[in-house]
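Just below sit the structures, each encoded as structure tokens.
In the two complexes below, subunit A is the common chain; its partner is subunit B in one and subunit C in the other.
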Partner chain A sequence: MEAPSSHLSARGAPRWLLSGRRSSSSAGTECDTGRDMKTHFRVCRFIMEIGVKLGMRSVPVATACVLYHRFFERVNLAEYEPYLVAMSCVYLAGKVEEQHIRTRDIINVSHRYFNSGGAPLECDKEFWDLRDSVVQCEILILRQLSFQVSFEHPHKYLLHYMLSAKSLVNRHAWSRTPVTETSWALLRDCYHGSMCIRHSAQHIAIAMLYLALNSYGVELPVGEKPWWQVLCDDVTKEDIDAVITELLQLYDMEAKCI
Partner chain B sequence: MERMRKIKRQLSLTLTRDRAGGGGRTQSDTNNQEVASHSDSEVSLHSSGGLNGRPSSSLQTLLQSYRKPRLGRSLSSYLNHANRLEIVHEDVKMSSDGESDAASSSDDVQSPVRVRLRNKKVSTEDINKRLSLPADIRLPDDYLEKFNLIGPSLFEQPISRQLRRVSLSEIGFGKLETYVKLDKLGEGTYATVYKGRSKLTENLVALKEIRLEHEEGAPCTAIREVSLLKDLKHANIVTLHDIIHTQKSLTLVFEYLDKDLKQYLDDCGNTIHVHNVKLFLFQLLRGLSYCHRRKVLHRDLKPQNLLINERGELKLADFGLARAKSIPTKTYSNEVVTLWYRPPDILLGSTDYSTHIDMWGVGCIFYEMATGRPLFPGSTVEEELHFIFKLLGTPSEHTWPGICSNDEFVAYKYPQYRADTLSHHTPRLSIEGVDLLSKFLKFEGRKRISADDALQHYYFKVFGSRVMSLPDTASIFSLPGIHLEKETLRKTTEPANSPNRRRTFFLHHQGLGSSELT
Partner chain C sequence: MDRDLLRQCLLYHGESLFNKLKCEQTENPDFQALASDLCKITSESRAEEPSCPLVEQFIARKADILFNPAWKTATSQREDLEEMEEAAEPYAIMPPLELFMEVPYEEKRSMVYRDLERGDIVVGRINNIREYGFFLTLLCMAGELKRDMEDLDLSALCHIKEIPSTGSHDDPLSYYQTGDFIRAVVKDIDRYQEKITVSLLPASLSPNLEGIKLGVITQEELPIHYSRALRASSDFNQTYGSILRSCHGYHNPCVVDYLLQKVRISDTHPPSMMRGLQSKLFKEEDFASSIRKKQSASWALKCVKAGVDHFKHGRHVEAMNEYNKALEIDTNNVEALVARGALYANKGSILKAITDFEQALESCPDHRNAKKYLCQTLVERGKQLEEQEKLVTAEGLYRRALSLDDKNLDAQDALRKITDTIQKSIRLREEALAKEQENVKTSESSAQKLRKILKEEKRMKKKKKRSASSSSSSSTSSRDSSSSSSSSSRRRSKKKKKKHKKSQRGGKHRRRLSSRDSKRSEEGKREKNGRKQKDEEEVEWYPAPQNTSATFLYQKGGPRFGDDDNGDDVQEHYNDEGKISQLYSLAAASEHEDSDSSRWERKRRESKSSRRRSTHSKSPKMEDRRRSQSKERRAKEGERGKEENRRNSDSKRRNSFEEYRKRKVSCSSIDSTEYSRKSSSQSEYSGYSASKHLEKRERYNPGKRNSFDGGRYEKEEWNKMQDISRGKQSRKDQGDDDDDDDDGGSRSAGGISKSSQNTGSQHAAAAKKDLPTNLLDIFHKIAEFEKEKGVGLKK
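Up next is the complex of A and B:
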């Protein structure tokens, strides 16, 4: 059999896709992981942005990011074009979450992302090659992940926890503060880094709610157990802190990435 | 307040995304080759990184210096320079592609690790135990030899996932040439199904070949089916033995079962022995209860998707429309179950799917087994509902709260039927059987009996209590006293084996809403 990824070659990739790749002779390691994290950060932002433009719901976008992180958990970033992998992750996530998105749309939106204000992509050989690459790369991802492509996300837990928290808090205090919007936004930001695959869905959901509540000084009534343990019995304060620390690291990185 | 402002500023990350990626946009032409470097051998090589997070950095750089072109041959030479044989050992094995294709077959890769050769011979049983293979597998002779060369040291350390995968590949898993194609069983838009034989076990298999040249890539039904079936291990669910990737297709290797329930019905002249009806229903519920416990809905139950072997074992197949169910608030696309087995609430537009969506279909199949006729063979939604209401009575606010505010129901303007007595239609069913049937056929989803509760129903009392404590992967026929009754074979006028009717279950790759392939 030929290599399945022969389509993923440079001839198929337009110049805008070959963006900012570091050279193959990477030496350092510490520096490497930092750089990899930054690349992943940017690519995930790309996933989220084209996700919004493609009208994807929150969970399919989250699935695309998890697919992306799980793929690069297994392979070396230097070997694969991350933006191409990202496009295929978006495509695959659409299939997994039953919100099918066409390759054509993904390619056009990605083109627009890299060339805002530029001419639209011609429907020429480059386009068809690129579409083949996206489809081939999807198979590659499926193989790498051994078809384990459906994930449990924190979103549903966050919703449940939020409803429970809301019922415990003074109605006016709740409506004065945007805890809901904040925790939802925080949750989306988690997907910029591989933290989204290193913590359980419940723990992330609890930590997001915790951070949002604390940011606005909303206090839940004190009971026998802390509120987070009432909502999710296997979570500890350390777990929450670990998630929040990693999220704050992502925010720190934001400054360096833009 | 200051803290809040800080958080808000940080949140702008999400909101001011329009300027994103500025830094990432710098284009560089020098890296063109970088993108080109994808090949099978690399996939396997780099997947070794997933072993314990990442391989040690020195190893990684070493590996990087041995890029694709020389990979196969140069590995052993590279090994001579490496001191850490244990780790290297695993990476070397990865050079033979972990899971698939013919070309990168690994036979020519010399195993460089000949250290610690002991006197202990490695037997087939050792290897089978080691890799958790079926007991009836026949390993190729050269494979055994190779293992003896590597030495029994392999058996002293825990086996890694990668190593297992490679070992499986050397045995012949994941390779097309391991399976002999026999007859074609059927063909659909995306997939062709063949009967085949495994050279490893000499067992029959069903080869479901999914074409990939289609512009949409891997069909989503196939992706869902594989991702679900990999996690489902149960005596009443069809086993996915192997997945073979090639350039043009994806082949799923399933266990082979002689016929589906539809054929079984035909072959015995539409009168299944009443004892066997009970056996089949019990096994159907057992498989379904297992799925539902795992929050997996089948969504497409019908006789064509239930496979039966000579022993009488029934297995659920075709999970193409099934998916992992998460929370009941979620809605799914409207058109999923074949019309005849589709519950009335779904027919009337409900998208609130839960496990009870499958239970209506179980009732319909139960009736069909007991009488030999489909229960509600409607060809349109309107006709389907008409059949249902004719038997169960047109629902009222009393029998189905909220129904009068359902616009679709009101618009159809059905005549006011009174509920018929079920037992008049099912002369072969006992009182217990009719009672159970009526519990499946409830208008409202949440009132339908669950698979778990149905298993406890006194209709199944004759099986005793031991069937309830069987392990998931044990067949009910492993218990003494449970056996299939002989069917009286009756020749029907139409040929029972017409290929067009065979195995429709395999061919549902047209996506949602096109499951009426009966």
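Up next is the complex of A and C:
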């Protein structure tokens, strides 16, 4: 299981791919969680960007991010090329979520991500080597995750919760307020960080809805039990706050990282 | 920025948010415009406890996104009522949230009065029926808005005017009973006096809800969320989460996609609060599909280059492989198509080359090389066609080539030449046509002469016989054609003779056949009647001339009619044709009994049999007819010349027709093989046949042969004909017997002919029996027949 990163990066990752991790590679052996977070943020941004360009839906993108975070939960960031792992995660997520994406498209879009405006890759050895390493890395991820690659995502919880919340609000007030769009955007954005593997799907969904409603000052009727307690029994206000705080940190990180 | 939204937000968060907004959105002109206005609102803020500063920070920072009117992608629209079954629900339909939240009674009630609107669909139970209408206890709502209203004691009045009359009842109310579940549409709400009126009239439905059934509904038709709410309120173990997980819809693998569509969020251009992920930052050229397209084009081009390299070094197969690879990578790659087209053209596959060039020009109409090459290839193809004498097509190609490149000298030259050739050929053709028409006239006249002579001879014979015996006259008349042909055949070599005999037969049929054909238009549907046909047989001997314009087609061979034995020549010629056409008709007849050819076949056979019958016919009826016919004939003899002329022209017309038929079948080798087989069988047969009845048997032979070839159909035909002739025979026998002795020879001949018919049918059954045994059978049958006849006469 200890596939040396030298093997992967030497064979698979060309220079344009390696350039993406300048900051982390310069860190050397020094384990800096803050630095790692930033790298992960960038790589996840990469996943989301190529996800949009590849026409991936939200759930496969989320799966790719979870795969990525779970993989680096188990291995040291310094040992693997994160962008290559990300590409393989996208490829694998496409398979897991039944939205198959071709490696050629992944490589093309990634190549353009790092060389914006450049000509597309030639069909030469570099391309085929890269393709091989993406496929090999996919196998590596699968083995690292013990082939447990299907996850429960907050997406469908959020949508159901949203519909329930909608019924509680005056329809005109609801249609005036873009709670749906905001909560969906928040949910997608939260995959920049690793909260998706540390919090349950319901908690994340509730927190996203909570923040969206809060942002617009939409008030739900107050009963014996708060609405979020009803939606999920084991959620506490602290859980929600924790998720929200983490999410807001990610938004702060955007300015620092990109 | 959406002022109302911002105002709502500020009312909720208070002054601290406003300060942060002022701080963060200093550069936003939109906010600056609203700031003074919003300042007043903050003072009205009822935010007692300060909300989380982080959230406020977030709102303040993302305010330009959050409150951007463009952020809201979902347009406010009344949604349709979803009538779905529990098993098919695409997403989990949950009971109202307030049921679990235990919202106080008063608040719930006020919420309902606040949110209920005219046009909403409600479900209630009738609790009271009065003369002016009935009262409903509202149970739930059936639209998008799901509210728990069962224990809110909400009462709604349905006035009698709002109940559609059923027609059969004077009182519409009598249709309703207390306790009925009613689906109704809200007509009016008085929020102050808390009065709701509902209607059952479909007219009061809003347009997007049209088609919903109002009135009494069953327990099963109650909304799903209501029944689930009922279950949840009775069972405290059921929580929102557990109900959600127990729903089918929740486990729908496409639930996210379905719901996203329902709430109108695009998943391909998803919203994001991250500044770097705003959809406006994504350029179309960065998307996978456009990169792939570009890449494929460049890869294909690379392959084309390699292919061209191969081509230059003469490695055509490798070049073709490269071009094909290029087209596989990028279908419709113009360069690859042009290169492959050029290679095809070089290899002589001109049609493929043209296809490639055309496809290339389709996607890139101004491609210079494609145009040039296509032009050249079209000229090339035109020349090919010219060689094949397809001048008009070639001319079209030249014209197309010129339409592509009007300066192409080759095409210009070729077009000029071909137009000349075409005009010349037209002129030549016209001349030839005129000449041939002349030829036809002259040859006709010479043929006429010969015919006249022959005819005269026959007539003379006939007259003699007729004076002697009326019955024998008919027999000679039947023989006349054969005698003429046989006489001519005598003149020929032995080798030819064999062929000739056969052709004679065919010719006879043919002659009769075609004369019938000319009659057919006049006779219409009488052709199925055997007896009538028989009558026609004699009349048709002199058909009216028809269109002779096509004759020159056939006579291209040369002025044969001028020769001494032209009659023979002509006859043989069209006899051969007749045989072929017969063959053809046989093949066709085997399947379609009612088809033209089969009818022809039948007629031919029937005419034969009738002729045969007439040979030994003794019935006075027949005789009379025959006499009258011969009278007719005699009367016509005055116009003999005319007749002959007609005949000739008729035969020529026939010939041309047969030529056409021949062309149809000529491609198949069948006729030749068939022919040899027939000739052998025929010779065999004739070897065994009695020399006395040679002519007759020869006449029957084709029928027999037909039975060989035609199979089942033939058999049927033969049987039919036998039936007819048998019936005739018996009638004839009963009719009179005085002539019996007169013409014993003819009778025996008739017997033989009959038996040969029988054998014909037998042949059909046992197709390849040896002929000698068959002949024995024939003689046996003759004997039997004679006996039977004798018995019949005694009776």
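The definition used in the following text is that the second predicted complex is superposed on the first by the 236 of 258 C-alpha atoms of A that agree within 3 Å, B and C clash if a C-alpha of one lies under 4 Å from a C-alpha of the other, contacts with A are read in each partner's own complex, and residues count from 1 in each chain.
The definition used in the following text is that a contact is a pair of C-beta atoms (placed from the backbone, for glycine too) under 8 Å apart; a residue touches a chain by one contact, two chains touch by 3 or more.
These figures come from a predicted structure and were not determined experimentally.
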Which superposed partner A:Val135 touches (first subunit B, second subunit C, both, neither): first
Touching partner for A:Tyr91 - first (subunit B), second (subunit C), both, neither: first
Which superposed partner A:Arg143 touches (first subunit B, second subunit C, both, neither): first
Touching partner for A:Glu254 - first (subunit B), second (subunit C), both, neither: both
Partner chain(s) touched by A:Lys125 [first = subunit B, second = subunit C, both, neither]: neither
Contacts of A:Glu79 with subunit B and subunit C, given as first, second, both or neither: first
Touched partner set for A:His100, first subunit B, second subunit C, both or neither: first
First, second, both or neither for A:Lys237, with subunit B first and subunit C second: neither
Where subunit A meets both subunit C and subunit B, residue numbers: 45, 48-49, 52, 98, 113, 156, 182, 185-186, 188-189, 211, 215-217, 251, 254, 258
Parts of subunit B lying in touch with subunit A, wherever the complex brings them together: 3-4, 7, 10-11, 13-15, 17-43, 46-47, 49-50, 57, 60-61, 64, 99-104, 212, 215-218, 220, 223-224, 226-228, 230, 243, 245-247, 250, 323-324, 326-327, 329-330, 332-333, 512
Partner subunit C, residues of subunit A touching it in the complex: 45, 48-49, 52-55, 57-59, 98, 104-105, 108-109, 112-113, 116, 119-123, 153, 155-156, 159-160, 162-168, 170-172, 175-178, 180-182, 184-186, 188-189, 192, 202, 211, 214-219, 221-227, 230-233, 241, 244-245, 248, 251, 254, 258
Footprint of subunit B on subunit A - complex, ascending: 1-6, 8-10, 13, 15-24, 26-27, 29, 39, 42-43, 45-46, 48-49, 52, 73-76, 78-81, 84, 91-92, 95-96, 98, 100, 103, 113-114, 131, 134-135, 138-140, 142-144, 146-150, 152, 156, 182, 185-186, 188-189, 211, 215-217, 251, 254, 257-258
Sites on subunit C touched by subunit A in the complex: 4-5, 8-13, 51-52, 54-55, 57-59, 61-62, 66, 71-77, 91-92, 94, 96-98, 100-104, 107-108, 111, 114-115, 117, 144-147, 239-241, 244, 250, 253, 255-257, 259-260, 263-265, 267-277, 279, 282, 286-289, 291-292, 294-295, 298-299, 302
